[in-house]
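There are two complexes below, and they share chain A, which is joined by chain B in the first and by chain C in the second.
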Partner chain A sequence: MSEILELKNVSKQYGNTKVLDNINFKINNNEFFTILGSSGSGKSTIIRMIGGFTKPSTGEIIYENKMINDEPIFKRPFNTVFQDYALFPNMNVFDNVGFGLKIKNINKDEIKKKVLDVLAVVGLENFSNRMPQELSGGQQQRVALARAIICEPKIILLDEPLGALDAELRKQMQLFLKEIQKKIQITFIFITHDQEEAIFLSDRIAVLNNHKFEQVGSPKDLYYSPQTTYMAKFFGECNLINCQVVNQDTNSIKVKSEFGDFVIPKNNNVSHELEFVYGIRPEEVKLVNKNENSMQVKIKDISFKGSTSTINVANEKGDAFLKIQNISSNISQSLSKGASINIEFNTKLGSIFTE
Partner chain B sequence: MNLISNYFNTSIWTIVSFILVIFLILIPLASFLSYSFFTVDGTDIIREFSLFNFKEFFVDEIYIRTFVRTIFLAIIVMTCCIILGYPVAFFLARYAGRYKYAILLMLIIPLFMSYIIKIYMMRSILGYSGLINKVLAMLGLIEKPLEFFLWNQNSVIITLVIILLPLIIIPTFTSLDKIPKNIIEASFDLGCKPFQAFKYIIFPISFPGLVVGSIFVFILALGDFVTPQLVGGTSGFTYGKIIYSNFGMAFNWPFGAALASVLLFVSVIIILLTNYLTKRLNR
Partner chain C sequence: MTRSENFTKYILAGLTGLIVAALYAPIVLTIFYSFYKSRKGKIDWSSFSYEPYTKLIFERQILESLMNSIYVGIVTVICSVIIGFYFANYYHTSKSKMKELLQFIIFLPFLLPPIITGLSLLIFFREINLPRSLNTVVIGHTIFVLAIVFKIILNKLETLKPSLMESAYDLGASKWQAFYYVLLPNIKLSLIIAGLLAFTISLDETLITLFLIGNDTTWPIKLWAKMRVGFSKQVNASVTLILILTSLLVLLIASIISRSEKKIMY
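Showing the complex of A and B:
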């Protein structure tokens, strides 16, 4: 895969307020790249810098090996789909979609042909004479997308495009976006605060926290190998356990924790740390028969969720707690509050946090 | 219950507003129009239907000539107001930042002032020994006062433009100010240079506001009779002044009413026409 865009050491400051702090990432051609962060985390600023609406305070934006920091908006081969669509209220759907081509002085017949093609792609071929105010939110969204697609940009920037839609429509539009991105083969940079949306849509996700990137990777990477405790808790739930290294050999580490001792496979970069936090997802905690690797815990409560149940357990002393998920309800029915059970971690899928 | 009381309230207010319109606008207007079909004998009004007044209007060419000249005057005033007002509204809306409403307020304040006072003020600025002539004389640029500014058409135009300017700035500003920032950004994003963004996006969106302001200015300039009276002298005669003198000095109410009816008719036609054209343009 070839690389199309890179942000190198990009920071942005408004007066004394730091909005973005040393952002680095590369985007591949035809990738669906999502920037995920809560409101006010600076995610829109990243997209606005790429689009050219604002300039980075320091750092470089590199497009196809060329620095484009000072390139004016209208020269960049990117198009933006705005949060509230930003359709031109003085033009009908046809003129809105054809506007980018009209500015490029393309002849009328060709514009007409292309607009009708693109409207067919977004499923609005019968709406070309409508005014934007006469369309629903989802339809306006499609017009905004069509208006960007028709210019055949190298990258489409989508600034929380689904934020204003209701849940049902949002689902539909997610599917639609994913399909269309595959069909037209254009790089998408997508912004959202919705984790599920990000996981569903993206090839890769960058998680923005506290004005910095916490982690960049595929949805599976982020879920199964979080690099920080923030990331561990960001997608789903995660048990965090304080551990001390007891001893280690070439391929395993034996650790001591509030729940007992257990062995984890050795990970190169932590060999010399004596204390760390171990993260394990609630569904990777297994109920087992007592063995040399198992730990004994007491059941605090059991909540029935249908076919599966969630169990909260405490250690023997009662000062540390774990959550266990996806226990078949057949098994959980035979358990009772206060009883002792033996558990084991699926250590292949645990994470070590050394910060 | 709530629904019923709501309905009751709405219908009462609808009736009240209809009654207000009928009694305060339509009936006085109709009675006024009916006068235009009467005639006078000395100082008595003869209440018999006659088209004499309208015939008089079309036969004596001074009326039509004054009317046409006044329309031209109003067009010049309107054009000047557009040329001066649009840039002001534009810079106010786009570049004045947080001061824009303070500046707008300063533009509105003159509207609270008496119209007559403003005209007198203009007279003291434009007159023989007015501000402009005095300053020019002080600078040694002129030897005797310029007559260009007073007691003629020019002074009427200048005064009307200055008095009516806020009326075009306010609606234009409003329509420019409500253009969301991201719509302009979107136009840049789609390849517009600044001038193209103005041509294709900003101007068309602000156009209806400009039209409303222009109609205000045009209609008010067309019917005005105080300004020509006070700064127009003998050559600054306008149609409004003729109407005024028929009511005030000649005591010929029916003829005044007929002249006013013609003015009203033409004004309504102009409003309807612009309305229609604006709508077609926006399609």
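Showing the complex of A and C:
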């Protein structure tokens, strides 16, 4: 896959307020790339800079090996789908979609053919005479997308396009977006604050937190190999345990924790007595019979969720807690509050955070 | 409903009626006396005639002054709408702090007593040796109505989403194309409303005009001059005609506004 766009050390500030701090990423051709962050995290500013609506304070935006910081909006081969759709209220669907071509002085017959083609792609072939006001939110969204697609941009920038839709329609539009991106083979840069949406749609996700990228990677990377404790807790739940290295040999590290000692596989050398946070997802904590690697904990409460149950446990001292998920309810039924059980971590899927 | 509540209701209705009558009676009387004569405070019912209206056509001075007023009105509309749009657009898009000063200056002539505006313009025109004429009146009127035109257009611009123009640029439009295809059609109604209002204000503006007019005369000034030498039926007739004309304009404005509001409501 070839690389199409790169942001290099990009920062943006308004006056003294820092909006983005040293953003770096590369986007591949035909990729569905999502920028995920809470509102006010600066995610819209990133695509407004790519689109040319605002300039970075420092850093470079590079498109096909060329710096485009100062390129005017209309010269950039990108098109934007705005959160509020921004359809022209004085034009019907046909004219809205054909606008980009009309501006380029393309002849009428060709515009007509292309508009009808694109309207068919987004499933609105019978709506060309409607005014934007007469369409539902989802339909307006499709027109906005058609209006971008018809210009044959190299990248389509989508600024929280599903933000204004209700849950049901949102699901439909997600499917629609994913299908259409595969069909038309254009790079999508998508903005959202919705984690599920990001995981469902994206080839890769960049998570924005505190004006910086926490991590960039595929949805699986982000879930299974979080690089920070923020990321560990971002997708799903994660138990974070304070640990200290006791000793290490060629393959494993023995650590001491609030819950007892356990052994984790060794990937890199770690310094002796290093303190770190160990992250383990609730479904990767197993109930076992007492053995040399197991830790004894007390059951605080058990919540029944149908075929499985969730158990919250505390250490012997009662000052540290763990969550255990996906315990078969057959087993949890035989347990009771206050009882002691033995647990083990599936250390193949744990993460070490040394920050 | 209790009796006292009923009573209050009737009193209020009566009062409202009286106020409306007091406000509009002079206008009704003006129209009435353009058709009937009165002698010693008594109305002569047999004196109905269209004569003042037909005579009006032969009153060249009144007609000429009316044509002058319409000329001044139309040129004022063109100038004030173009300048008003330019300033409103600047105010809306600029981030400069000077724009508040700009707004203040635009509003000043409208808020100051017209006598001050008229006098200072007169002094200014003398300083630069610009002879007084209908054109200096146009300049005065434009400066006076600019505040209203500016505000109406600015209000409309502020209802437009910023993404509207951005998406036009995004789709490859130049500034002119974005203006012509997207901005203009969406603010068209506000330009028409602003223009109509500017025309009505210009039509009856007297005080500033008095300072700036040369040998020509505008319609309100002609009427004022005629009143000094006694009432004539033609004055009544021409007031009636203008009343009808401006009422129609106001109705037009109101219907345009209500239509555009329906559009926005969707």
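Operating definition for what follows: the second predicted complex is superposed on the first by the 350 of 355 C-alpha atoms of A that agree within 3 Å, B and C clash if a C-alpha of one lies under 4 Å from a C-alpha of the other, contacts with A are read in each partner's own complex, and residues count from 1 in each chain.
The rule is simple: a contact is a pair of C-beta atoms (placed from the backbone, for glycine too) under 8 Å apart; a residue touches a chain by one contact, two chains touch by 3 or more.
Being a predicted model, the structure only gives us computed values, none of them experimental.
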Ask   = With chain A superposed, do chain B and chain C clash or fit?
value = clash
Inquiry  = I'd like to know which partner A:119 touches here: chain B for first, chain C for second, both or neither.
reply    = neither
Query = Of the partners chain B and chain C, which touch A:88 in the superposed model: first, second, both, neither?
reply = both
Query = Is A:73 in contact with chain B, with chain C, with both, or with neither (first, second, both, neither)?
reply = both
Query = Does chain B (first) or chain C (second) touch A:241, or do both, or does neither?
reply = neither
Message = Quick check for you: in the superposed arrangement, does A:133 touch first (chain B), second (chain C), both or neither?
response = second
Inquiry  = For A:49 in the superposed arrangement: first (chain B), second (chain C), both or neither?
reply    = neither
Key: Residues of chain A contacting chain B in one complex and chain C in the other   = 51, 53, 73-74, 78-80, 82-84, 86, 88-90, 99-100, 102-104, 147, 151
Query = If you look only at chain A, which of its residues touch chain C in the complex?
reply = 51, 53, 73-74, 78-80, 82-84, 86, 88-90, 99-100, 102-104, 133-134, 147, 151
Query = Within the complex, which stretch of chain B touches chain A?
reply = 180, 182-183, 185-193, 196, 200-201, 204-205, 282
Query = In their shared complex, at which residues does chain A touch chain B?
reply = 51-53, 72-74, 78-80, 82-84, 86-90, 99-100, 102-104, 147, 151
For the chain C and chain A complex, residues of the former touching the latter = 161, 163-164, 166-174, 177, 181-182, 185-186, 263, 266
